[in-house]
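Let me give you the structure first, and then I'll get to my questions.
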Amino acid sequence: MRYLDKTVVGLSIVFVALVFADFFMAEWMRFIGLQSLARGAVALGLLVLWRTGLVSFGHALYFGFGAYAAAMLTLIGYHDAFLLVFAGTLSAGVLAFFLGFLLRRYRAIFFALLNMAFSMILYGVIVKTEELGSTDGFSVLTPTFLGYAPEGEAVQTTLFLFTLCFTYIITVGVHLYMKTTLGSMSMAVRENEIRVEYLGYSAEKVIHVKYVFSGLVAGFGGAIMALAVGQVDPDSMANWNVSGEFVFITILSGIGNVGATFIGAFVFELIRTYAFEYAPQIWQFILGGSLLAIIMFLPDGIWSLFSRFRKSEG
Amino acid sequence: MQELIVILVDGLVFSSYLFMVAVGLTVIFGVMKILNVTHGSFYAFGAYMSATLIGAYYETDWPEFGGFLAIFAAALIIGVFFGIVLERGLLRFLYHRDEHIIVLATFAMFLVLEDVLMMIWGTDPYYAYEPMALLGIVDIAELTFDVYSLTLIGLAAIVGLGLWLGLTKTKWGKLLLAVIFDREISQAMGINVTVVFTVTFVIGAIMGALGGAYIAPTISVSPGIGVEVIVLAFAVVVIGGMGSIPGAMIGAVLVGVSRAAAVHKFPEIELFVIYAIMALVLAIRPEGLFAPAQARKI
Amino acid sequence: MTVVLEVRDLQKTFGAVVAAKDINVTVNEHEIIGIIGANGAGKTTFVNMVTGYLKPTSGHIEFAGRNIMGLPPRTITKLGISRSFQVPQVFASESVFDNLMMAYAISEETGMGLLSPLYNDERAARVDGHLGRYQIAEYRNATASTLPQGVRKLLDIAMAAVSNPTILMLDEPTSGISVEEKFGLMDIIMEALHQDKTTVLFIEHDMEIVERYVSRVLAFYQGEVICDAPTAEALIDPGVREFVIGEEYHRTRTEIAANNGGEADNA
């Protein structure tokens, strides 16, 4: 490497800082952090899709699928976090791979809505399945980590560390991937599919790759969320408003930088936590109001604040 | 045989209901190319307003049938008010933005309005059964149906026919079709696209509110009815082809009858039979059944 | 002369409309062919069919000894037939340089190579060379959507040419370009393509351009090829004059008249 990538350096510094902070953080803070990482991972997948010109209103499908896949394994006696998260990630990825053959033919609003339709099918299936606790869901027991079985606060500390490591790898991976030919083809497909085809590559194939990736990370996020909360239920894992929240985070973060996604997720988690604490009746009002405010006044998301700041400096 | 009749009648009533809520959505999409999530709020506000006005009307000793006027008044008040406020106050600032952003803005507005609704009417359900009780019941082939629900079929037919005639036979309708076909050229030819947009949005909003207002006497008007409707209406509109009125009709019948069949034969799949149809139709015809033609690209 | 493209009995119907009928064309290596015809005569349909954008109803298309009918554009491009567009198809919000980087990367990378970084110095050098050949180096960092029409056309054609295709089909390279600029633009394109020894077929409405740059003309009328002949011959063909050139092309008409007069004098 002739020069160091600024984003990779930044992510690494934050990663190391958070690893240390993990041992001193207040419990509620760590919980918010865990949820931010889980949701941020889903938003990272949406960011990749968005750069390809596609928006999904249904990624709760993969989030919920990953969460339930991991949680169901605990029902049959598996408790290792590595296995659970791997299973959640992979199963969502496989689902995305198969649905991808259909979805890659759609663009714009059709793509967005068809995703929503599929996510509502999953929601319907979960709600109707008594074995999975129907609308109440079921609890997920405390995971072990390759034989290590933490207790008390150590559970969350270990889970946070575990999540942090994987999220760091995924995020740096996505950032580097964006600079490859296949990664950059997001731009090409978004801007002009006809040209891509006439340069000799399949735009649908590009979309399919991005879609499977978004499914994988959404499944990862879901599995982490299931372990973090210790509970899965359809309304907070698979319903349509969950998908809406992911899109909200993507809008809030902007698509300028992979790191911003997690800042956006964290801000979202803060708003959510405080709104639920102090004004639960107007939570949707606050969420909708801030979404409108971002759309009107901060069209490129939080990240544009940083770049604006940098520009005025330079 | 009896079961078949039940499925058919229930299906048609449900189809009419779906058509009522979907048609406003498809009209707005057809003209403005905006997928309006706020449509769910129009429906919910229409239902609440209708329940309130019906309640107030039957407090008086005016003629009983006048209660129906309250329904239409509610739809007009809600549709005109929200239509104008939203289009002039929000959407017009977003026309130059990406279509996803506009959908998200309407989604955001929908969330806001959901809570506004509860601030105004609270969380307790409202009932306004008087108009339904007034029309009584009727027996068809030894089965009992309530007449009010059956009138929904008539209303849907009138609305559908009215919109179709309005679009194809009137000067205004022709202007609309011109705008649908090519916004820039219509503008260049002197059509006031701004006014066309506002009027279209208000008409769509009235349709959404009317759906809620008319259905109010048959349901318990409670929080969350907007969500259910917007999801259903999307499915119908996507199946029929976005922007197509005949498409919305066929989509509504397809979904309505299939759901009625599912409710009677396989109640456990009721919830996702609609999405299964939607996925199936889209897999075969990506643009929906009656999608308007696309211009040549290269 | 080697035959590179052979089209036999090509048909295309849209419902009752016949967009292409009995098209038989043989293209030799290094030929420069002009495709002329009124709007709706089937010129773009022909290009769309050969490049795989439209599937012909029936017929046979053979390229370099291989049947390419029914293949998608991406496969046909990989085999060696590229095209440019009447409305330039570029990555509008990106710079000219990035447009060409992307074009080179897509046409050069396959398999695991797709996961290597898009940017490398060698590729950047190739892009800069290409920018020089198409004389758009001064617009290197300009965003494609802000380019003047002529430059955008050049970029579109330059992108089509990155893979060094055997055949390049240009759909109206000079449409939307002012009369003064047309020849300059065509000189750049033809010089670059001549260096690459590319076989060129281009759709053109301006008969002066046709006369100057092509050796052979295909004239389309109502979906059929009504004339396939060397340029000079084709431009005086009665069918071509009636159905394609019409009354607008005064210069040739007077020249023909002069020529005929001259012959008469000699006799």
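Letters are used for the chains, namely A, B and C, taken in the order the chains are written, and counting of residues starts over at 1 for each.
Going forward, a residue touches a chain if its C-beta (ideal position, glycine included) is under 8 Å from a C-beta of that chain, and two chains touch if they have at least 3 such contacts.
None of these values were measured; they are calculated from a predicted model.
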Most remote chain, CA-based centroid, reference being subunit C: B
Nearest-to-centre chain - CA centroid comparison: A
Subunit A and subunit B, separation of their C-alpha mean positions in angstrom: 33
Centre-to-centre distance between subunit C and subunit A (centres being mean Cα positions), rounded to whole Å: 46
Centre distance in Å when subunit B and subunit C are each reduced to the mean of their C-alpha atoms: 50
Junction residues of subunit A - those touching two or more other chains: 194
Sequence positions of subunit B contacting 2 or more other chains: 298
Where subunit C touches two or more other chains, by residue: 85, 89
Subunit A contact footprint on subunit C (complex, rising order): 51, 72-75, 77-78, 82-83, 85, 89-94, 102-103, 105-107, 109, 113-119, 159-160, 162-163
Interface residues, subunit A side, partner subunit C - complex: 177, 179-185, 187-188, 191-192, 194-202
Complex contact set, residues of subunit A against subunit B: 55, 57, 102, 105-106, 108-110, 112-114, 116-118, 120-121, 124-125, 127-128, 194, 240, 244, 247, 251, 281-285, 287-289, 291-292, 295-296, 299
List of subunit B residues in touch with subunit A within their complex: 35, 90, 93-94, 97, 99-101, 103-105, 107-116, 118-119, 227, 231, 234-235, 238, 242, 268-269, 271-272, 275-276, 278-279, 282-283, 286-287, 297-298
